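I am attaching a structure below and will ask some questions about it afterwards.
Think of it as A, B, C, D and E in the order they're written, each chain with its own count starting at 1.
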């Protein structure tokens, strides 16, 4: 790796939330040459909000976001790539599944970016494969409110993976899974990541996740505890 | 403990979900004399649905629910205590926080059962205490969409504890928390439970939770994996 | 401008009462159709829904005529009211309230039904489990969460009640100072070729409507999530 | 019954077009007010909202009169249309469509605004992050999730367009077989004291309305979560 | 006492001028008017509206009232008359002299009150039928909901001619021009009657008498009405 290689993740973000009782200011900066960046911090320290800013759905007050040398956001330069052009596979903490679409339709959502949703009747082969890999084949035609917490989380993960992202943003991707399944998916994902060489920004509370997904080639960004 | 003491938890539940592609049938039975019953099972095996039937928000097709000898539901006898008379502190997997109420109002929700919500201005002393205990004082006046995942989970837990329940139903109560906070709350809760001698029905993926909350005086009900 | 205050006050009284009655009736009916009965009664529900929408589809004058047939002192309901309580509704402002209420009812009812159907049932379950009776669940969870949609319906109903004159005119007549509302006055001014007076009244009625709508917009204590995202 | 078919067909044509136009206009305006501009522009938004509700508050006949002034061949808009495109709207069924559209517009607009405001912005964000442009987000997420509320508004608008005649009649003139709608026919029958004929027409119009409402109820592909809980 | 008079809408302006005269002549009495379409007024009266005096715009409506037994025979008196006129827009190039000219291609649209419900339309129809021109002119007819609407159409030059009452034409001298007076087979008369069920029979009789007094007739004449 030459010294001229730009950092995988180059984040500098400032954002202030005004609130009558308890305003919150987030100020993070990290340059990470490893492909994985792990965000750690207490509950409420700003991990999820940081990830939203990287995803492009929340606009920082100042700073920049660069991925492998590509600038996605630069306040000073007035540059802001809209979320839909960032191609980042984001798994939100609360999953954000589309309640009007089946599990299969949710997973196939990003396969077409036109103005029509995937049809309910026909499931593309790639989606069928993904369903099987995630152990979701049985609930493929269920709506989100008809599946369990763990099934929801796997659907969100599968949906992000199907979008052919150039990086993954994972907000506690295995929190709702039982240990066996968590282990399996973690290994699966690690293999996939090794293969695709995808950069990852990961939020997790589980050291095993860190070990499996980050330790080999990861750095850790630790957020300060929230002011009380 | 005399042999005549009724079991703490006496569950026999059957429920069928018709679904065109993949119907699901849940059939669980357990008699547990220990105060804690731990529900284990793969993702999608029916843990959350079982808990909903115990809480009384989902009606089983057959069976019964008895808590320390009190019958809450008996299909054969046509008996069904409505949820609002069961006094079970239920922490749902997705928290089910009231989006129109602040964290403090959510926590104080059950203090009055009349037709008016707790006022926004005044926070009762009991709620203030609970906020402090849960590390939520700073976000007391925030609305649910303004707080983090872990803060949501703690709010749900606090709300259930404030309702003076005669048993607790906890659906992965610490999944969204970081290890340090999890440890602290788990110990807090264990102490509280020991003091109040409250029966608990617990769903968790974390062996440490089992160890801390269940092992001393717990039994485990293992649900069969979902049919694929 | 002097002759404006009496009809203005009367109009506000009639529209206000009609809106208040519809708050109770429309919200009640909307809630019942959204929440009562098993899901498979859908056809029955949709049929009742369609029937309750009918006041919208009849020309107001025609509706007013049938109302006259019903509550006139010769009509089945009117005769009973007159004999039992000595109440006469024709040519009274109370009659105007009834007419305006019926004309505007579907607006609140349909808005309320859609709004209640959009409320997450899991939140109602959570409230039940926290010890709330069905009544308390309604007032503390369902109603606040459906309020945005219901308020939209109520404001439409208020505006409609302000502007309605077909049915009102039939039932209440157009008696200056007694049952002549602003919109009837506008109508009469236009009919009588008094374009200036008509336009003046149109300004008044529009100003009233805008004021009330703006004030009522503040009535929504929970504004919901402001769109924070970027676009 | 023979004389029923022509006005019936005309009525459906006018109401159908008015509803379709409002689907575009009302949903567009509702979305714009719900999603555009920063939250602090709330007063401006509420003011526009109130202005767009005004067609509701004017008696339809009066509205029709002003419409005549505007789009009549001497009116500013009408004269321009006539000179530029040779289009004359007065006394045509297209004129009736315009009148009915304006009268029913607030019903769709307000329902749509409330429905879009109820859509979870986090879902729209998720769709953006999955590569969807704003247009695609609108059609694939916002619109389906707001559809229940919008449909309620559309059905009201359709019913209102069926029943409206004050403004329609003013603009379209009652030309037998050309612009005479069912509700005008009912109105005339009632006015002329032909109670039997009126009642017959009322049955027809009610049947049409109920049929359309029931059919449209099926138009909601996503029925949302059926209340599964107990009560 | 208080007197309620239901009067045809076309009398609105004239009757409003009568009110102070009557009240001055009969101290202690107040009149309230209820203006509307004659048919609607009849419907209200026959359904029990508390009306003392009814003034309709055509004899037919009063005949119906009599037929329903709402007034004693001999109680009705004609109080005014009107004339049917053909009007054209002020700026019209030429002025027709006879109804025959209306059948020419120069007159494409003619506003006529709907004969089924608008009295002026009924008079027009009977004139044209007697002249044998109804079929030709009906094809050009733009139906108006009431006479005022026909007047507006002519005033705004949306139609080439229209049939209205002389009193209506007098409302807009600067916008319409009276082409000629149309002689009607039956004269256009406004009958008035005190009603059987009048809550205030004494004042009803007084008002009937007042309507025929010279000062009242002078006011009616000022508004363009003819002698009864």
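Methods note: a residue touches a chain if its C-beta (ideal position, glycine included) is under 8 Å from a C-beta of that chain, and two chains touch if they have at least 3 such contacts.
Keep in mind the model is a prediction, meaning the values are calculated, not measured.
Undergrad: If you walk touching chains, what's the least steps from subunit B to subunit C?
TA: 1
Undergrad: Measuring centre to centre, with centres taken as mean CA positions, what chain is farthest from subunit D?
TA: Computed centres place B farthest from subunit D.
Undergrad: Using mean Cα positions as chain centres, tell me which chain lies farthest from subunit A.
TA: It is E whose centre lies farthest from that of subunit A.
Undergrad: Whole-Å distance, subunit C centre to subunit E centre, using C-alpha means?
TA: 35
Undergrad: Centre to centre, by mean C-alpha position, how many angstrom separate subunit A and subunit D?
TA: Whole-Å distance between the two chain centres: 43.
Undergrad: Distance from the CA centroid of subunit A to that of subunit E, rounded to the nearest Å?
TA: The separation of the two C-alpha centroids amounts to 77 Å.
Undergrad: Can you list the residues of subunit A that touch 2 or more other chains?
TA: 56-57, 82-83, 94
Undergrad: Find every residue in subunit D that makes contact with two or more other chains and list them.
TA: 61, 65, 125, 128, 134, 184, 187, 190-191, 224-225, 228-229, 231
Undergrad: For subunit E, which residues are shared contacts with two or more other chains?
TA: 40, 43
Undergrad: Touching subunit E in the complex: which residues of subunit C?
TA: Subunit C reaches subunit E through residues 61, 65, 68-69, 72-75, 78, 88, 90-91, 169-170, 173-178, 188, 190-193.
Undergrad: In their complex, what parts of subunit B are in touch with subunit C?
TA: Subunit B residues touching subunit C: 52, 55-57, 82-88, 90, 92, 94, 96, 98-100, 109-110, 113-117, 145, 159-160, 163.
Undergrad: So in the complex, which bits of subunit C are touching subunit D?
TA: For subunit C paired with subunit D, touching residues are 34-35, 39, 43, 46-47, 49-51, 53-54, 56-62, 65, 106-107, 110-111, 113-115, 117-118, 120-121, 124-125, 128, 134, 148-149, 151-153, 155-156, 159-160, 162-166, 183-184, 186-187, 190, 198, 202, 205-206, 209-210, 213-214, 217, 224-229, 231.
Undergrad: In their complex, what parts of subunit C are in touch with subunit B?
TA: Checking each residue of subunit C against subunit B gives 122-123, 125-141, 144-145, 221-222, 224-225.
Undergrad: Which residues, counting only subunit E, touch subunit D once they are in their complex?
TA: Result: residues 37, 39-40, 42-43, 64, 109, 111, 114, 116-118, 141-145, 149, 152-153, 156-158 of subunit E touch subunit D.
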